[in-house]
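You will see two complexes here that share subunit A, one where it goes with subunit B and one where it goes with subunit C.
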Partner chain A sequence: MLTDFNFRVILEYMPLFLEGLKHTVFIAIIALVLALITGIIACACRISRFKILRYPVITYIEIIRSTPLLVQIYFFYFGLPTLGVSVPEIQTGIIALMLNSGAYIAEIIRAGIKSVDQGQIEAGLSSGLNYVQRMRFIILPQAFGVTIPPLLGQAIVLVKDTALLSLISVAELTRSGQTLTSERFMPTEAFLTVAFFYMCIYFGLKTLADWSQKKLIFREAY
Partner chain B sequence: MIEFKGVNKWFGKLHVLAEINLFIPKGEVLVICGPSGSGKSTLIRCINKLEPIQEGEIIVNEMSVHKPSTNLTKLRGEVGFVFQQFHLYPNMTVLQNIMLAPIHVKKIAKADAEKIAREKLERVGLSEKAAAYPIQLSGGQQQRVAIARNLAMSPEIMLFDEPTSALDPEMIGEVLDVMVGLASEGITMCVVTHEMGFAKKVAHRVLFMDEGKIIETGKPGAFFDNPKTDRAADFISKILTH
Partner chain C sequence: MMAFYLSRLVEIFPFFLKGLWMTTKIAFISLIICTLIGFVLGVIRASNNVWLKRIVGVYVAFARGTPFVVQIFIVFFVFPEWGIQLEAFPAALLAMAIMGSAFVCEIVAGGINSIPKGQWEASASSGLTKIQQLRLVIIPQSMKVIIPPLVGQYVLLIKDTSVVSVIGVTELTRVGWITVVRIPEGLMVFALVGVLYFSISYPLILLSNYLERRMTV
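Up next is the complex of A and B:
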């Protein structure tokens, strides 16, 4: 078995893998930044007391959570052109990932905000601080510590989700595995290599998450 | 000055405050006691609008608390509130805890706010803890910081909701000492507590509540030694056996 394993072909295709890896990292970073922005805005609307802001965002979050990511990707891939918008595959993929992760990030941030003890809010209220001041000085700084680890968890999910973009022919990491498989028919070599690179990204982010867990969940309230 | 006029409040079906009429003149130290669930916390939480009311009116320094047009920031700047569980901000140092509201609510310059904060901290005997975080303090120290945080706003009225009942017995004294000091300074104080010693020493009046009603009020000596109602007598005998 292992004697059949062809390292040479992996080396031969290494430029293709590295190109795919580059795209995966690039897509993940852009999508993550956009998803963070989306998530923050969506969360702000979600906890707003204005129904005009709250209800559309609840609908958005529920749609994302109730449908498979692949369906969402296909929806944008096939749907946008019929609306007369022609967007390259990479951008289509980034939009889909941004909206998908954005919804989960909104819920992560909301959970962080809700985890802050009601007494903290009352202390702020009773000293006369307004909503924005309570958010800025009391609630968000305390929510931040509990939000960072699940956010990094979502980042890990997002990196793995980029693999689905291979299905709309984005030349990312998984796609390079598919290419090697179809050209040489060596799926074991191809996808072990692909898996190895995903694991590298994963362990990098996990190390960061563990470190932040120690650093940031500071001074628990009581 | 605080006045309750025909105040009624319900939590769903539960009638927590039933037809409360009460006048607390400027400078009075009022101790509120009563069995658990009688509505003591709710009563004082209505004074700075931590709770809404459904009927009646509460007036604090000429402001009608529950009127939508009332400037709540001004009201809350004049009324301090000390919680049973302290509720210091864990993400800030002791000094930052005390400076936050003076800077952002009263718009006092940072340097002045720090001066005030250090003064108040000294007043509660915790000058050396300015740079500490709340979690590094004992319960008694945290509660003294919470009092200093209120004092930095120079409130005319201070509300205390069982300020010593979350504390280990050996720390109760240090907090009560600070409160005794305040009482002698003419700040209007409403204190929910079962500390009879404190009540006898500094309270002008004791108010006894049960089931959302004011059952009895009186001078502390008379109330504790000679309660007029059976319910109060029963309650006092229970806290005495503690």
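Up next is the complex of A and C:
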């Protein structure tokens, strides 16, 4: 099955793979930071008292959650030029990933805030803290511990999602596998190597997520 | 110009419905396969057999650790080198089955592990066999933990069927991709594709929200 697995080709194409890996990590980090910002803003609007902030954000989250990421990527990739905006594919991809992950992160943070016991909020109220103080001193510190593990889970999903950008010809990891396949026709070598690199990132993040689960969940439990 | 494209789009709308039908077909068949295989694997993963557990663990790590696009490429381009040549449609189903069953497996294993050990012991001392313990005591109780995330996973799996368009299965995303070449109104075409996906996944999202509220104690 793997008897004629050609390591020499992999070595020859290693610079291409490493370049792709670099792009994947770079895109994932930028998209994650932007998505965190989007998510925090969206969550703040989502739990706000004002309908004018809440309803648009609910619509945004529901639209993102019920359509595939690939359709969202194509929507921006084919849609932005018709609006007269032409940006490079990589930026189109990052915008799509940011909006997609942002919606999920908003829900994760909201779940974290909701997980704080109602009695805590009442205790804060009766201590005479106002809304901002309650958020800052009581709710957010406790929500933080619950939020980190699922956020790392979302980071794993985000790294895997960057693979879809290969379909709009961004030169990331999966794309380098496609390049090797089309130049030498060696799909086995190409895609197993690509899979190997993704697995490395996955295990790194998974270990971090499991560790934080053990470390941080206890903090809100005492 | 916009109005012209809009009328063209209305003209080829049946093509979109065909794509929607294909997406529904892939989603439906693969959800059934994923659930069946996922339950079997989940039971193994929650069992005491170390070796079987490890093998399933490696499988799950591969399926969860690599992007679905890469898995599809492996099924469609690498499997033929190993003597498994598949048409696009069965290859799409196989890739969906590999990916989905791993996620279902984790949910099922989590559900089974959430049942206290005393339940196993009590059912064992009532003289039930291992299979009977699972079927009559453990699984029915763990269903409460399994079903809400399972329905949520179904939504994700339905959305993942969009990725099988890359190997040329003419489902909804592929239809949008073909259309956008002829009708260069990307926003309009993919908004329509999005609306059609919305129509199948949003009811399931509502169902999953409802189940989450009903079943969490």
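By definition in this document, the second predicted complex is superposed on the first by the 218 of 222 C-alpha atoms of A that agree within 3 Å, B and C clash if a C-alpha of one lies under 4 Å from a C-alpha of the other, contacts with A are read in each partner's own complex, and residues count from 1 in each chain.
Methods note: contacts are C-beta pairs under 8 Å (C-beta built on N, C-alpha and C of every residue); 3 or more make two chains touch, one makes a residue touch a chain.
Remember, it's a predicted structure, so these values are computed and weren't measured experimentally.
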| item | value |
| --- | --- |
| Overlay on subunit A: subunit C relative to subunit B, clash or fit | fit |
| Partner chain in contact with A:P187 - subunit B first, subunit C second, else both or neither | second |
| Which superposed partner A:F137 touches (first subunit B, second subunit C, both, neither) | first |
| Cα-centre angle that subunit B and subunit C span when viewed from subunit A, reported as a multiple of 10 degrees | 100 |
| Dominant toucher of subunit A (residue count), subunit B or subunit C | C |
| Contacts of A:E62 with subunit B and subunit C, given as first, second, both or neither | second |
| Contacts of A:F203 with subunit B and subunit C, given as first, second, both or neither | second |
| Touching partner for A:A123 - first (subunit B), second (subunit C), both, neither | first |
| First, second, both or neither for A:V71, with subunit B first and subunit C second | second |
| Closest approach of subunit C to subunit B (Cα atoms, Å) | 19 |
| Subunit B and subunit C footprints on subunit A, overlapping residues | none |
| Complex interface listing, subunit C residues touching subunit A | 61-62, 64-71, 73-74, 77-78, 81-82, 155, 159-163, 165-166, 173, 176-177, 180, 184-187, 189-191, 193-194, 197-198, 201-202, 205 |
| Interfacial residue positions of subunit A with respect to subunit C in the complex | 1, 62-63, 65-72, 74-75, 77-83, 160-164, 166-167, 174, 177-178, 181, 187-188, 191-192, 194-195, 198-199, 202-203, 206 |
| Residues on subunit A engaged by subunit B in the complex (per definition of touch) | 117, 119-120, 122-123, 125-130, 133, 137-138, 141-142, 218-222 |
| Contact footprint of subunit A on subunit B as seen in their complex | 48, 50, 72-77, 79-81, 83, 85, 87-92, 100-101, 104-105, 133-135, 149-150, 153 |
